[in-house]
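After the structure tokens below, expect a handful of questions from me.
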């Protein structure tokens, strides 16, 4: 039995509020239980230096945590962990988009953790996809982009082995007790974009890896349904 | 006629959601029109070095803006403006509390701007007071503090001269067109805690200063009623 | 009776040595009792990026303290307090000048505290005005600026309530004992450019604010006479 | 056919020179083709603050690249990429050691890239293991550690899909052309310590993941033989 | 003929005003022509970590330039040049003092360039010696130090080859045209504390080195007379 | 008798391996006993801003120490000492080259200390000269530079007084016991490029300075032979 009463293959309660912010071209607040991340897409009509003159666009991520998103207050400087996470977010979201079709513009996805209870990096990617899709849909609606840049929908989720059991979507309490912890970024149809698995205590067998990937694939499909609905609600509500 | 249809002496729609966050000892989300600030109070059982062994406590403020709180995205480094604002927040909130009665502990008030439309520093102080009062009430309820440390309720508001008219609670549009802009921190009964007034264009007459202070005093009284209600709702809802 | 024997409405002994430095386009050493600030105006024939192509100029301030300007040595990094003060200096001095008449050039006013005994930020503004006026007069003399950019003369002074008495131009000893402390930047005719008042202990009544502003206006007039004389001496002495 | 003529499942020429450095408690230069990393273990008889009084030790990694290790010179500040890699190195090497048996001391593994041609992070882990094992063996030989702290031998290797073929140990030329790139940290017996796989272009199928892990397991076994030999040579040569 | 009419072996007009500052334990303003450096000695009753418990004291230097000390304004961050100079100042002044006799206290000598016209580092050392000697004399007068810590008097001066002629005490104009430039720190009796010579253009012969050292020795003797007089005036004027 | 059995005027065993690195235009590993420095020359077809449009080139140096190059581990931030040394390296190597003949390109010489046992800055210059000469010879061979830019060969060495005896090429053990320590940069024919001498304890007589310079001149000549041989081997081995 999990601490919050969920089945091993069950996501936390997920809520995605599209267009949470007024100014951003696309945004959402994603809540996975007590983990809340505010994702905002900012479109700029310029590209980083290494892409100048290549006709392609760019998607990059930034990640931050509010000081009191955590159980005890942390300082504002997120240091190495934040850098690593924002590199992952950027890499993952670039797999969701055809940068040639996007054209010579940059979209920055800011993922700011309002409240943390495990799984902030995967919530950032899942919510970041919604913010990105909303921003891109508006570029298309305004005629700035002709060919659809969005590829197959994708999301991210954490899985792990806790008390000898493979479990989906770990909150902090389970995450800190897990023997093995994996973050999976996948397309809806189960193709892998990024997988990062770490043995927290003992090295683990490859059969476990397989179980965890099965579990992750299931969670990603469920997230896809929620993302799709949020994007639709956002596009109905506000033409921009 | 103001751009949003308000009377010159009318506040924007103010909403204060107490205990917005799970982990913080006290917190609130304050919304003044499209300006939203998340205020969180963190209590630590230690004091800064210069107060060690003096039996007194300390209240300090930190201020940040999410990158896409603004019309166009800003970088995460707030620089000099942020430093100046957080010094003001700390100074203002220390005037609201008897640090001897608080005892040897520090309360940090994090004010993070989720969305910005003018008046973020005054919303930070007004909301920061609510977060502080909630945290202190819980210290009292737990018997950690015996004498009431909170002094007379206080809040902060901006006032300015726009189109030759003294106006209360300026949004960004009015703020950037104001001839003179003042931030006032006051107690409910109208005593001054801090006043910062700046001529944006021409130096201004002292009679104008008086008009602006009258207007601010009125706004502060209205804010006091809302703060009081929010604190009461917070304390009913969650004993902590 | 004040510690140094002055009347409540009396300035400290003020000395302004114009053109203290050889290289600067305008400069002065201002001494207010034991507070000494070296102010230097540097003219550059370029403007900051946000003003490019607008035909207007810019005035900005920088503020520093020598490590042993203080009673005990401080480190060279002035941190937040310095940032806040230099923003104030820049804002105040920009009110003294018509940036259109100045034309597309930047004047940086460096205010470096040689010795500190209270009131360093107001001395910086008062002396900074002299350095700025000297530099601008030389631009005019060289025919680089045709319309007079200097507006009504201005200065800054501190006032405060010490032992229940409103006093002008507080040295460190009074400043640290004041119940309320205000820095006032005003034109010679008494118009307000910036006012920053802070209750150090108890919030204070608005009648006190009025008394303090009266006192400040008187000090500003006296400073104006001294500034005028220093500028005249500077311009006689050195054509540049 | 691979650019350097290797079979798909063949490592580059690997050379591990144990005790390359005089001062370090354990060290090696590891060369994998033209990728050369100098790994040095430094033992300190103290632990980081979060472990004080817990009787356990700590292993941490640092990673740097010499400016001209790369094709064109890079600046000395490695930024985010370096931070991410050194977090991986530390995590991986901690899985190779029983920190309780190590006792209250810290071992820092510095991995400095002398020359880079792909696979610097995996060479850092493989060589870092050798440096760590040498340093620990000397702690045991000096009687400072009684129970063996080293767990099952481990190493790291990169694998990827290039031209539709799964290949082991990618040099820069292949790495930059790979459709999918994975770094695998494994024990000699094939248990997973860390796996990080990224789709560079298209998301990839799970069957590919399996192929890549098989290939990695084979490379890790080969590396194990080389590591073992290098450690033995080091311990014969120098008692320390 | 030198640009300012001096003989090759003649110092610029030197003025040393002792106890220029009120708060510092010892200080002077040293003017060598248009080069002005403010030197302040700060005594602290503690030593740096590496000297704790050794019963010895420490002397360290810091060096800064005011932004408008130079012909055109420079930024406040002095970077590498400043670091190098302050290491030299500290090293040179430590040679002037017996740190055992000083006892377990640190004296920091701040050398801040008010106006620069060549030779700021040597003026810093020459003036720094005066500030240090004043501070030490007062420690002795207060009975805190029993054995005399000051060793043989010392000073520093620049010499160089300009237009084929060996010249003493180069101003900026000569310094920037010199073929070879040397800074010499010497005792009054001509013993070497530090010598730093650099060929600016062509490498130079050793006979030139000898000529320059002769010239420097002569300048150092003249500076010694001025330092001695300044210290005496300082000690007469103010017991402290 | 010296600790390592050398005569007072004898260099340590010196080994210079040319073209140690694959990617650099010129490089060498220089070993002077247990002091090992890796020197790499990087050619860029651009010049720093202050040389733009002047038709001249530039040579600059960077200096770093690997964390475990030293007896006990040091942090990666080399701070002031590193800055001072890299300024010296750049200045010294610029004296070895005619920057007009080099043409509008910059050569950066990275000197990274792999292992430290005294004399790292002089080994950096001696090895840096070899790396520079190799890179320049290849520019000439490729026809990019027509007139020979290399001037008279040069090198650097340390000398000092230990136990009352003038000694050449001090290892750490002697360096830390020296009464006087000097670094000399000279041409093969004995002309001075830079001399930096410091009295570590007592100020020293000028006759000692002469002895030390004689000793240095002798060492420089011996180094010249080794540098010449290394450059020849490098140019035979690899056309580039």
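We just call them A, B, C, D, E and F in the order they show up, numbering each chain from 1.
Criterion: a residue touches a chain if its C-beta (ideal position, glycine included) is under 8 Å from a C-beta of that chain, and two chains touch if they have at least 3 such contacts.
Since this is a predicted model, take the numbers as computed values, not measurements.
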Where subunit A and subunit E overlap in contact partners, by chain label: none
Number of hops, subunit C to subunit F, where each hop joins two touching chains: 2
Target subunit E, source subunit B, minimum contact steps: 2
Furthest chain, CA centroid comparison against subunit A: E
Inter-copy rotation, subunit C to subunit E, in degrees (Cα atoms; steps of 5): 180
Copies subunit A and subunit B touch via same or different residues, half shared test: same
Where subunit C and subunit D are represented by their mean Cα positions, the distance between them in whole Å: 60
Approximate Å spacing (C-alpha centroids) for the pair subunit B, subunit C: 29
Between subunit A and subunit C, centroid-to-centroid distance (C-alpha), Å: 52
Topology of the chain contact graph, where touching chains are joined (line, ring, star, complete, other): ring
Ring walk, subunit A to subunit B and onward: A, B, C, E, F, D
Subunit B-touching residues of subunit C, taken from the complex the two chains share: 79-81, 83-84, 86-87, 91, 95, 152, 154, 186-187, 190-199, 202-206, 209, 213
In the complex, subunit C residues that touch subunit E: 21-24, 27, 34, 38, 40, 42, 44, 62, 64, 66-73, 76, 108, 110, 112, 114-115, 117
